[in-house]
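Each chain carries a letter (A, B and C) given by its place in the written order, and its residues are counted from 1.
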Amino acid sequence: MAFTHKHLLGIQNLTVSEITTVLDTAESFYEISTREVKKVPTLIGKTIINLFFEPSTRTRSSFELAAKRLSADIVNFNLNASSAAKGETFKDTILNLEAMNPDAIIIRHSCSGASHYASTFSQSNIINAGDGSHEHPTQALLDAFTMRQEKKDFQNLKVVIVGDILHSRVARSNIFLLRKMGARITLVGPPSLLPEEFKKFGVEIDFNLDHAVKGADVIMMLRIQMERQTKNFFPSVREYRNLYSLSAQRFGRAKKNAIIMHPGPINRGVELTADMADCAKSVILKQVENGIAVRMAVLYLLLGGKDREAID
Amino acid sequence: MAFTHKHLLGIQNLTVSEITTVLDTAESFYEISTREVKKVPTLIGKTIINLFFEPSTRTRSSFELAAKRLSADIVNFNLNASSAAKGETFKDTILNLEAMNPDAIIIRHSCSGASHYASTFSQSNIINAGDGSHEHPTQALLDAFTMRQEKKDFQNLKVVIVGDILHSRVARSNIFLLRKMGARITLVGPPSLLPEEFKKFGVEIDFNLDHAVKGADVIMMLRIQMERQTKNFFPSVREYRNLYSLSAQRFGRAKKNAIIMHPGPINRGVELTADMADCAKSVILKQVENGIAVRMAVLYLLLGGKDREAID
Amino acid sequence: MAFTHKHLLGIQNLTVSEITTVLDTAESFYEISTREVKKVPTLIGKTIINLFFEPSTRTRSSFELAAKRLSADIVNFNLNASSAAKGETFKDTILNLEAMNPDAIIIRHSCSGASHYASTFSQSNIINAGDGSHEHPTQALLDAFTMRQEKKDFQNLKVVIVGDILHSRVARSNIFLLRKMGARITLVGPPSLLPEEFKKFGVEIDFNLDHAVKGADVIMMLRIQMERQTKNFFPSVREYRNLYSLSAQRFGRAKKNAIIMHPGPINRGVELTADMADCAKSVILKQVENGIAVRMAVLYLLLGGKDREAID
C-alpha cells in the first residue's frame, strides 16, 4: 500500500516498495480482463483525459481499455501540428482541459519533461505516457510485470537491451526500474546510438550482440524508427540487421530459458527475425496484455486510493 | 437458435436457417432503439474493437451504436497508410489487439480476405465490416431485414441490383444471401463493370436498365465511387446517368409496390434522381435504421450466445 | 421551468425567462463536476451525436464530457473536406444519422444557418455548436453564467466586446443574450472588422479601446484567427496588438472589479498580454469549467424534460 505519489512521471523517483506495490496491484487486476464480464465499478464517475501530442494507437488504446474496464469515463485528444498552429501554449492547453475537472490527464508528448512541467501547475493526476526520449514509466512497469511473471525475481537477472538506446524512453525507464530492483543490465547497440555516458546508470555497455547475449535471462529488443533514423545513425538497415538483429543463432547463446521482449510495434526482419518473434520464448504479446493490468493498477493507485482508504 | 459460427466473415457460408436466426434476432432488438431508454445490459463488460483500415463513418458508427446500446465497451481504431508505414504487418496488428483481450474485432480492410485471414489465427470473434470487393455481410443482412419488413417473403421476389457490380462487396453479399433465400436476381450495369462470370451465381445479367426493371419488386442501386472509377470503367458520369440512373420514368416500369434501396452514401443525380431518393417507395433510411438492429443481433449471437444458453 | 424549445439554434429566439431557466439549471448541475463521483444517471440510454464539420477539440469535448456526466451515450463524427468530397449532401448526412435514432445532434458547421436548416427536417433535438459567423448559443450561455457568477446581475452591466466582431458568432450570440438581459454593450475593433450595421442591435460602437474600456464591468476579448485573417482585415498583428490588445495599462481604466473573458483558445500577446490572461481578474478558465455545467443543462432541458415532468 506504499504508493503516495500524486503523479506518475517516471520511474526515476519511485522506490522499490512503490514499484512492488504497482506490480502487486496489477496482479490483482490482471484477472479482470480474462473474465466473461471484464469490468469493475472501481472508478465509476472519474474522468480521464488521454492527451496525445504524438500519434499512438497502442498506448492510447491500452489506457483507454484500462479506464473503461474500471468504469471510468475517458475522452481522447489527439493534438497535432495543426492544433499547435492555432497558437495555444502547452500550458494553456493543460489548464483548459483541467478546467473541465478531469481526475487524471495522461500525456504523451515529443518533448522530454512535458509531463513533469504539467505536474508543476496541474491539480489533476498526471500520468506520463512517454515524453520525448526521457521516460515511459508504464512501459517499464509492464515490462517488469512480465519479467516477474516469467522469472519470479529480479535479483541478478541478466537483462540485455538492444538497439537505439540513445533515443529510447523505453530503455531509460527500464534501466531505472531494473537497477532499482537489482537486475544486471547490458546495453547493446551501434556506438552512434549508445553513448558511453549511460555507464553512469550502473550498466554494462557492449557493442557486440553475439558477446553480450551470453548468459542473458531477458533480451529486450528496442524498436528501430525506420522512418527517421536509418539515414543518420547507422549506414543501412542491412548492416544494422547483420550486427544487431536477434536471430535463432544469437538467441542460442543466451540462457536456455531466456525470454525475448519488444515494446512493439515490431519490424520483422529488422530488430529480430520472424521466427524469434513468434517462438515460444517470445513474450511480446504478453507484454501487451500485461499493459492493461499495469495501467489499471496505475489509474487505481492514483485515482482510487483515497476512496479505498476511506473504505478500508 | 441455429447460429453456431464463431465469426461472421461472409454470407457465403451461412445457411438459410442461420440467416433467418439473425433476422429474427434483429427483429427482437429493433424496438430497443425506439425506446426512451435505448440501452440494455446484455453485453456489459464485453470489449469490442472497431478496426477500420478504410475510412468509414457510417458502418463504423452503426457498429459503435449497436455496441453501446448493448452496454458493451467499444474502442475505435482508424488505421491508415501512415500507420501501415510504421512497418507492422496486418497479422501483428491483429495479434497485438487480441492481446488486450477483446471479445470481438470488427474489421474493415481494402484487401479481400482480410477478415478471413484474421479468423485463422484469432481467438476473438471476427466480424467482417467489408473486405475489398469480396463481402460485406452485415450490409446484406440489413438489406434482407429491410426487404422482409417490406415484402414479407423472399420467394420469387425479383431483385434488380444496378451499378458497379464488379467492385461491389455489397452486391456480392446480397447475391449470396438472396439466392439462398429464393429470390431472383438481375444484375445491371455497364459491361465493363458487369462480367459475364457473375452468371455462375445463378443470376440474370442485363445491360439495359429499362428492360431489367420490368416487374421488379426491389431495385437496389449501388454507389458509384465517383472519386476513383469514373475515368476507367465508363466514359462519363453523364453517360452513366443516362443509361443507369433510376428516374421516375424507369421506376414506373417496376411493380407498383416496388421499393428502392441504396447502401449509401447516395450521389443524388447519379445513381438515382433526387425525387426517387426522397419518394415514399425509397427505403434507404430504413436500411440505415435497420443496420443497428442487425448489428446488435450479430454482436449478440456471436458474443452473448454462451451466456444465453447458460441461462436458458 | 419555462423551456419548451425542441432545439437550441441560437439566442435570438430565446426569452429572458428561458435564458434564466438554462442558467438556473446549469447552477444545479455545476456541483456534479466537483464531486468524487462526477456522474448522474439522468440521461442513461439517450444517444447523442457530436457532428463537427469544423475541427474543434474544446467545444466537442465539453459536450462529450457533459453527455458522459449525465450517463448518455455519445458518438463523435468529425467530417472534413474529404468526407464532403464523397458527394453526400448535408441534408442526407443528417437524415442518415437520424435514421440511427439519436436523441440529439450537436452540429458545428462553417455555414451560417446549418443547424437551423437541420431543424426544419430533423426529428432529433438539434443543438447549434457554432454555425459560420451566425450564432454559438452555448458559448453565450456559459459566458452569461460566468458573468452572473461574478456580477450577480446583468442590469446596467457594461460589457465591452473587443476584436473581430464581423466574423464572430461568439460576439453575435453574446450581443443577443446580453441585450435581452439588460446589459449595456460596447463593441470595439478595427473598422474593417466592426461594421456600423451592428448598431441596430442596440449597442455602442467604438474604434478606440482606451476610450471604450472606461467604466467597463466585463471585458470580453475575441479570438483573432491568426491563420486566416491577418492578411485581409488589418495591416499586421503588431498594429492590431498596439491598438486592441488588453494590457494592464488599458485594464486599469476599467472598473476596479472588472473581469476579463475570452472564449479561447487565447493567443498570448495578441488579444491580451500574458499577465492579463493569468491575473486574478481573468475568468477565462472559469468559462471553460462553466461550459460543462451549461451544456449539461442544455442537454437535460432538451432531452430529459419529459421524463422530469413525468417524475415531478
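The working rule: contacts are C-beta pairs under 8 Å (C-beta built on N, C-alpha and C of every residue); 3 or more make two chains touch, one makes a residue touch a chain.
Keep in mind the model is a prediction, meaning the values are calculated, not measured.
Trainee: May I ask you to sort the chain touch graph into line, ring, star, complete or other?
Mentor: Shape = complete; every chain linked to every other.
Trainee: For the Cα fit of subunit A against subunit C, please give the angle of the superposing rotation, nearest 5 degrees.
Mentor: That pair's rotation angle lands at 120 degrees.
Trainee: Taking the mean of the CA coordinates per chain, how far is subunit B from subunit C in Å?
Mentor: That gives a centre separation of 40 Å.
Trainee: Residues touching two or more other chains, restricted to subunit B: which are they?
Mentor: none
Trainee: Report the residues of subunit A in contact with subunit C in the complex, numbered from low to high.
Mentor: 44-47, 73, 75, 77, 79, 82-83, 85-89, 92-93, 95-101, 307
Trainee: Per the contact definition, I'd like the list of subunit A residues that touch subunit B in the complex.
Mentor: Residues of subunit A touching subunit B: 33-39, 55, 57-58, 61-62, 64-65, 68-69, 226-227, 264-268, 270, 277, 285-286, 288-289, 291-292.
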